[in-house]
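Here come two complexes built around chain A, the first alongside chain B, the second alongside chain C.
Let's turn to the complex of A and B:
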C-alpha cells in the first residue's frame, strides 16, 4: 500500500522539484510581470516568461527531444532557421527606408554602432567565452532580437535563451540606457544642431532599394541571405503597392503567429540546469556593455563625420544606429527636443535606425561566415 | 581565425557593405532622376 502510494507520488512533479526550478519560476514570473505591468516588450517577454515556467515544471517533457511540444517548436522553428527570417519579413513590411534614402550618408551611423558588437565580442572572448559564444554575446549590442536569435541558434544554442532575453530586455530599456550616454558624450551645442532639409524620395527609388540592396548584400555576405532576403521581400511588398494583402499578412497575421512560436520555445530553452550558471548569467552584464558600447561608437562616428563634412550631423543620430526600431529614433528625438524645442529629429533618426537593422544583419553574416562549423 | 582577425575583418566588412549600399543609393537616385528628367523633357517636347 505504502509502496503504491510512493510510486504514485513519484509520478507527480512535486517530488522532482529543485530549488533551481523555483528560482526560474521567479524569473519567469518577473518577465510576465514586466510584460503586463510595465509593458516592456510584452509581445515577447510574456510568452518567453510563460515558456520559462513550463520548462521548469518537472516531468512535463515539453522540451524532450523528438517528443516535447516546445522542443518541436524550437527545433522546426528556430533550429531550422525559419522563424527569425519570417520575423524579418514582417519588419521589412513595416519599415520605411525613405528617411535613409533621403539622407544616405546616415547609413554609416548604422555601421558605426556595429563597432560595439565587435568590441564586446573581443571582450567576451578575453573573459573566457569560446569564440562562438563571444560572437553571440556581442550581437546583443546590435539591439536586434531576431538576429541575435538567428546567430545564437547557429553558433551557441546553449546561450539562446539568455541572449534573447538580454537583447529584448535591453531593447525595452533603450529609453533608460541611452539618454545618459547621449548627454555625456555630446555638448548642448551639438545636440542643438539642426539637420538640413532632406531631399524628396520618389516611389521608384523606394521600390528599387530592396531589390538593389538584396543583390549587393547577398553577393557580399552570402551568409546573411536568409535575413536580408526576407527583410527586403517584406519591404518590396510594402513599396510595390500592388500586394496589399501580402503586406498586411506579413505585418499582422504572420508576424503575430511567428511571435508566439518564437517566444515560447525561447523561454523553454531556459531550464534551471542550463540557465543558472555564472557564465550564462554574466551574459546580461556583457549584453549591457555591448549596448552601451554600440551607442557610444555610433555617437563617436557621427562626431567624426562632422570633422570632415560641411553639412553638420546632429551627433545624437549616431545613437539611433542600434537597430531597436523605432525606439532608438524616438529617444534621439526626445533628447534633441530637450536641447532645442524646435529641433525635430525623429525623421532623420529613422535613417540610421533602419540602417542599423541592415548593419546588424551584415555583422551577423560575417560572424556566421567566419565561425559557423 | 584569431579574435583580433575577426574583429578587424568584421568592422571592415560592415563598413565596406554600407559603403556599397551608400553608393548604390546614390547611383539609383541619379538614374531615377535622369529617367524622370528625360520623361519630363520628352513630355515637354511633345507639347
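Let's turn to the complex of A and C:
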C-alpha cells in the first residue's frame, strides 16, 4: 500500500524538481514580468518566458527529441531554418530603405557598427569559447534577434537560448544602454549638427533596390542567402505596390504566427542543466560588451567620416548602426532633441539603422561561410 | 514678415495645438507627428501669432510640407 502510494507520487513532477529548475522558473517569471509590466519586447519575452517555465517542469517531455511538442517546434522551425527567414520576410515588408537611398554614405555607419561583433568574437574566443560559439556570441552585438538565432542554430545550438534572450533583452534595453555612451562620446556641438535635407528618392529606385541588393549580396556572400532573400522579397512586396495582400500577410498574419513559434521553443532550449553554467551565463556579459562596442565604433566612424567630408554628419547617427530597428533610430532622435529641440534626426537615423540590418546579416553570412562545419 | 512652419519630418499629424490666432514662442510645443511608431514633438521655429493653418490632425505630411504661417 505504502509502495503503491510511493510509485504514484513518483509519477508526479514534484519529486523530480531540482533547485536549478526553480531558479529557471524565477528567470522565466522575471521575463514574463518584464514583458507585461515594463513592455520589454513583450511579443518575444512573453512566449520565451513561458517556454522556460514549461521546459523546467520535470517529466513533461516537451523537449524530448522526436516526441515533444516544443522539440518539434524547435526542430522544424528553428533548426530547419524556417522561422528566422520568415521573420525577415516581415521585416523586409516593414522596412523603408528610402532614408538609406537618400543618403547612401550612411551605409558605412551600418557597417561600422558591426565592429563590435568582430571584436567580441575575438575576445570570446580568447576567453576559451570555441570559435563557433565565439561567433554566435559576437553576433549579439548586432542587436538583431533573428540573425543571432539563425547563426546560433547553425554554429552553436547549445547556446541558442542564452544568445537569443541576450539579444532580445539588449534590444529592449537600447534606450537605457545607448544614451550614456552617446553623450560620453560626442560633444554638445556635435549633437547639434543638423543634417542636410536628403534628396528625394524615386519609386523606381526603391523598387530596384531589393532586386539589385539581392543579386549583389548573395553573389558576394552566398551564405547570407536565406535571410537576404526573404528580407528583399518582403521589401519588394512593399515597394512594388501591386501585392498589398502579400505585404500585409508578411507584416501581420505571418509575422505574428511565426513569432509565436519562435519565442516558445527558444525558451524551451533553456533547461536548467544547460542554462545554469558559468559559460552560458557569461554570454550576457559578453553580449553587453559586444553591444556597447558596436555603439562606440558606430559613433567613432561617424566622427571619422566628418574629418573627411564637407557635409558633416551628426555623429549620433553612428549609434543607429546597430540593427535594432527602429529602437536605435528613436534613441538617436531623443538624444539629438536633448541637445537641440529643433533637430529632428529620426528619418536620417533610419538610414544607418536599416543598413545595420543588412550589415548584421552580412556579418553572419561571413561567419557561416568561414566556420560552418 | 510672415514665417512658415513646415513639417520637419514625414509622418502623420496626431496632435495639433495651434489654430489661427494662437500666439507662439520659439520652442513651445506646437504639434505631434507620428513617424516610425514614435511620437515626435515638434517645437515652434519662431515667435509670433499663427495666421493660417493648412493641415489638421490625421493628415499625412512629407518633410517640408507647409503646416502653418506665422505673422
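Here are a few things to note about the model shown:
Methods note: the second predicted complex is superposed on the first by the 373 of 373 C-alpha atoms of A that agree within 3 Å, B and C clash if a C-alpha of one lies under 4 Å from a C-alpha of the other, contacts with A are read in each partner's own complex, and residues count from 1 in each chain.
The criterion applied here is as follows: a contact is a pair of C-beta atoms (placed from the backbone, for glycine too) under 8 Å apart; a residue touches a chain by one contact, two chains touch by 3 or more.
Every value quoted in this text rests on a predicted model; they were computed, and no experiment measured them.
Using the contact criterion defined above for the overlaid structures, shared-chain residue A:341 touches chain C, although it does not reach chain B.
Using the contact criterion defined above for the overlaid structures, shared-chain residue A:330 touches chain C, although it does not reach chain B. Once chain A of one complex is fitted onto chain A of the other, the partner contacts of A:107 are limited to chain B, with no touch recorded for chain C.
Of the two partner chains placed by the overlay, only chain C lies in contact with A:197; chain B stays clear of it. Shared-chain residue A:245: touches no atom of chain B or chain C. A simple residue count on chain A separates chain B from chain C, and the partner touching more is B. No residue of chain A touches both chain B in one complex and chain C in the other.
Residues 8-10, 27, 35-38, 40-43, 45, 63-64 of chain C are the ones that touch chain A when the two sit in their complex. By the touch criterion given at the top, residues 197, 326, 329-330, 333, 337, 341-342, 344, 346-347, 350 of chain A touch chain C in their complex. The residues of chain B lying in touch with chain A in their complex are 1, 3-4, 6-7, 9-11, 13-22, 24-26, 28-29, 32, 35-36. Residues 100-101, 104-105, 107-108, 110-111, 114-115, 117-119, 121-122, 125-126, 131, 134-135, 201-202, 204-205, 208-209, 212-213, 216-217, 220-221, 355, 358-359, 362-363, 366-367, 370-371 of chain A touch chain B in their complex.
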